[in-house]
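Below are two complexes that have chain A in common, paired first with chain B and then with chain C.
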Partner chain A sequence: MICMMQSQRMFAALSVAGLVMFAAAPLLIAQAPYESTMGLIQKIFYFHVPGWIVMFLAVFIAGIASAIHLFRNRPAADRLALAAAELAVVFGLIGLVTGPLWAIKAWGVWWQWEPRLTMSLILELTMCAYLLLRRYGGPGSDKLAAGVAIFAMANVPFVYLSVNIWRTIHPATSVVPQLAGSAPGMFGPFVWCAVAFLVLFTAMMAARTRLEAQRAHVERLHLALEER
Partner chain B sequence: MPNFFRVAWLVMRKDLTIEARSWEMVSTTLFFAVSCVLVFSFAFVRAGQPVEGAAAGILWIAVAFSGTLALGPTFDRERHHDALRGLLLAPVERSAIFFGKFLGVVLLMTAVEVVVAVLVALLFQAPLAAHAWWVAALLMLGNVGFAAVGTLFAAMLVRTRSRSVLLPILLYPITLPALIAGVMGTSALLQAEPNLDLARLWAAMLLCFDAVFTTLALWTFEPVMTE
Partner chain C sequence: MNGVMRAATAVILVLVMAAAGVHGAQPQPPQEEFVPIDELPPGDQMPAAPLLIAAYAIVWAVVFGYLWSIWRRLSTVEREMQELARRADAGEQDS
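So, the complex of A and B:
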């Protein structure tokens, strides 16, 4: 019960923090300097990149939690994996929607079949496959889905490295680490947005895992009642 | 370790014996692969000439589709008379059972690919024979990655209701990186001026995929198959 109270309080605190951060984000993004060649459209990066960062984080959490569930048989880890997988799909969608919005202005097309985009789409599809398996796999699908999540996690390094291995038109992964030196005016708002996304992600994770935990609790009570 | 390979060998031999007696999977898979190539010939032939660069894609899509068809029965036939339970209860390493099944799938896919590759070379005027060893190496590397993931997923899904639908849904997103590498590597060889360096790079990429996927599949088979 205490644990539940704590998680409720944590969720409230994180929600308030996230709300404040997202309310302030447009002001910070608006006062950040314009990028010389792309102009206004570049500002979509403040949401696009954090979206993908959180998505990748969620895929890793889902993969590691799934490995723990698969090899140690911990239902709590499975609940964490499910929550992370659902959020990976949500944040991946943010990236997949904001990306083409930028691309139509910068590249002149909505979509380019270059490796980085393709692999991101593959990752998004993999996480959707995970959710489909959980939904339609029937009893025991949690273990099977855990196997899929581990495979999805193994895919992530290939996604991240692909832009460096192949020469592509996607802005390279070195842009963000160099931002502090090359454009200090952009770095502050970018970090602010990235932290805002992380806070939002943590709040949603807390809410979603709590829902799953309570669902499992209700199921236990239901079974106990039937046995009487 | 010798026991591991002996068990794998026995499982593979059992599967191949069933196959040699029934020809069920080879005939159906091969027929499906040939039908695939025929369907593509309508889409990718303009004014009697095949569209440039289509051959590599056709070859690999035919391989992927027919491979999926071959994966289903691999574990499905173990459902009869509860043979799967007997197999899993055997006092041997589970990963050895997986490895035997995996080898069976690789051999089956190789047999189908020999025919499909010849067919694509003839029907689409693709110079596959010019770099036959490189094409064979790419196909084998692709086979291993595809079969490792596919055998694991087919095993996982054997007890679920909608397995025939779920197998391609799970299999394609995960194996797509390997298929991309296969298609790109093969088309590098089929260009007017073959680019061997590029083919080598994609082969190396495939090798990385294979190493990661096969290790993961061997590692996850045991806990996934625990009831």
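So, the complex of A and C:
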């Protein structure tokens, strides 16, 4: 009971911290300098890039936890994978919606079937497939879905490096690492937004994993009552 | 979980339908010479502010919607746990 109360407090504290940082982010973003060629629309970058960073992190967690569940048969790892997969879909959705809103102004089209965008869409659909398998796959779907999560994790480096490997109109991966030197005024708000997303992600992961643990507990209680 | 699954399925359907439309809209005539931005047709002079506001509003809606969804599902499971604990206590008293 004490442990439950502590985790509830941790979830509440992280959620409040994340939401406060999230609420303060537009104030910092408004003060950041304009990018010379794109102007105002470039400011979508402060939510778009952290959204993808968190999505990639969630896919990695889902993939590693799935591998542990697949090869070591650990139910706790399976619960972690399910929570991370759901969050990967949520943050991937943020990236897929904010990207075209930027692209229509910067490129003149909502979408281009170029490598980065196409592979990002495939990654999002793969994680949707994971959730659909878990929901409707029936007995044994946890193992099948674990395989899907591992393949999704293997896709992440290709999505990230696609802008360097193939010819594409998407900005390269060098933009963010060089930001501190090339545009210090943009670097501060970007780091703030990235940390806000990571804090929110941690709070959501804690709550979502706890939900799965409680569902497993309810199942055990049902079985215990039926055995009487 | 059901709500999230419905949302995920809806996202897939919208993406599939959008893909068909976007694919049809891809080929555009190439621009052959420089055109100053204030001489572009009104349809091409898209203001950035509504797009930026829409992007932030969608991010906020997704984050709050998901937090609300977790809170609602946690409340449902906790209620179920309390109900099961009550039934278990009642069973012990009967026996």
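Assume the second predicted complex is superposed on the first by the 226 of 228 C-alpha atoms of A that agree within 3 Å, B and C clash if a C-alpha of one lies under 4 Å from a C-alpha of the other, contacts with A are read in each partner's own complex, and residues count from 1 in each chain.
Everything below uses one rule, namely that a contact is a pair of C-beta atoms (placed from the backbone, for glycine too) under 8 Å apart; a residue touches a chain by one contact, two chains touch by 3 or more.
Keep in mind it's a predicted model, so treat the numbers as computed, not measured.
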Who does A:51 touch here: chain B (first), chain C (second), both, or neither?
second
More chain A residues in contact [chain B versus chain C]:
C
Contact-wise, after the overlay, does A:28 reach chain B, chain C, both or neither (first, second, both, neither)?
neither
In the superposed arrangement, which partner chain does A:191 touch: chain B (first), chain C (second), both, or neither?
neither
What is the contact status of A:17 with respect to chain B (first) and chain C (second): first, second, both, or neither?
neither
Which partner does A:132 contact after superposing on A: first (chain B), second (chain C), both, neither?
both
Looking at A:154, would you say it contacts chain B, chain C, both, or neither? Reply first, second, both or neither.
first
Name the contact category of A:97: first (chain B only), second (chain C only), both, or neither.
second
If we overlay the two complexes on their shared chain A, which of chain B and chain C does A:111 touch? Say first, second, both or neither.
second
Across the two complexes, what residues of chain A are contacted by chain B and by chain C?
125, 128, 132
Of all residues in chain A, those that touch chain B in their complex
70-71, 115, 118-119, 122-123, 125-126, 128-129, 132-133, 136-138, 140-141, 143-144, 146-148, 150-152, 154-155, 158, 165
Contact footprint of chain C on chain A as seen in their complex
15, 22, 26, 39-41, 43-44, 47-48, 51, 86, 89-90, 93-94, 96-98, 101-102, 104-105, 108-113, 121, 124-125, 128, 131-132, 135, 200, 204, 207-208, 210-211, 214-215, 217-218, 221-222, 224-225, 228
Within the complex, which stretch of chain B touches chain A?
149, 152-153, 156-157, 159-162, 165-166, 169-170, 172-174, 176-177, 180, 205, 208-209, 212-213, 216, 220, 223-224, 226-227
Sort out for me which residues of chain C touch chain A in the complex.
1, 4-5, 8-9, 11-12, 15, 18, 22-23, 25-26, 28, 44, 46, 48-49, 51-52, 54-56, 58-60, 62-63, 66-67, 70-71, 73-74, 77-78, 80-81, 84-85, 87-88, 91
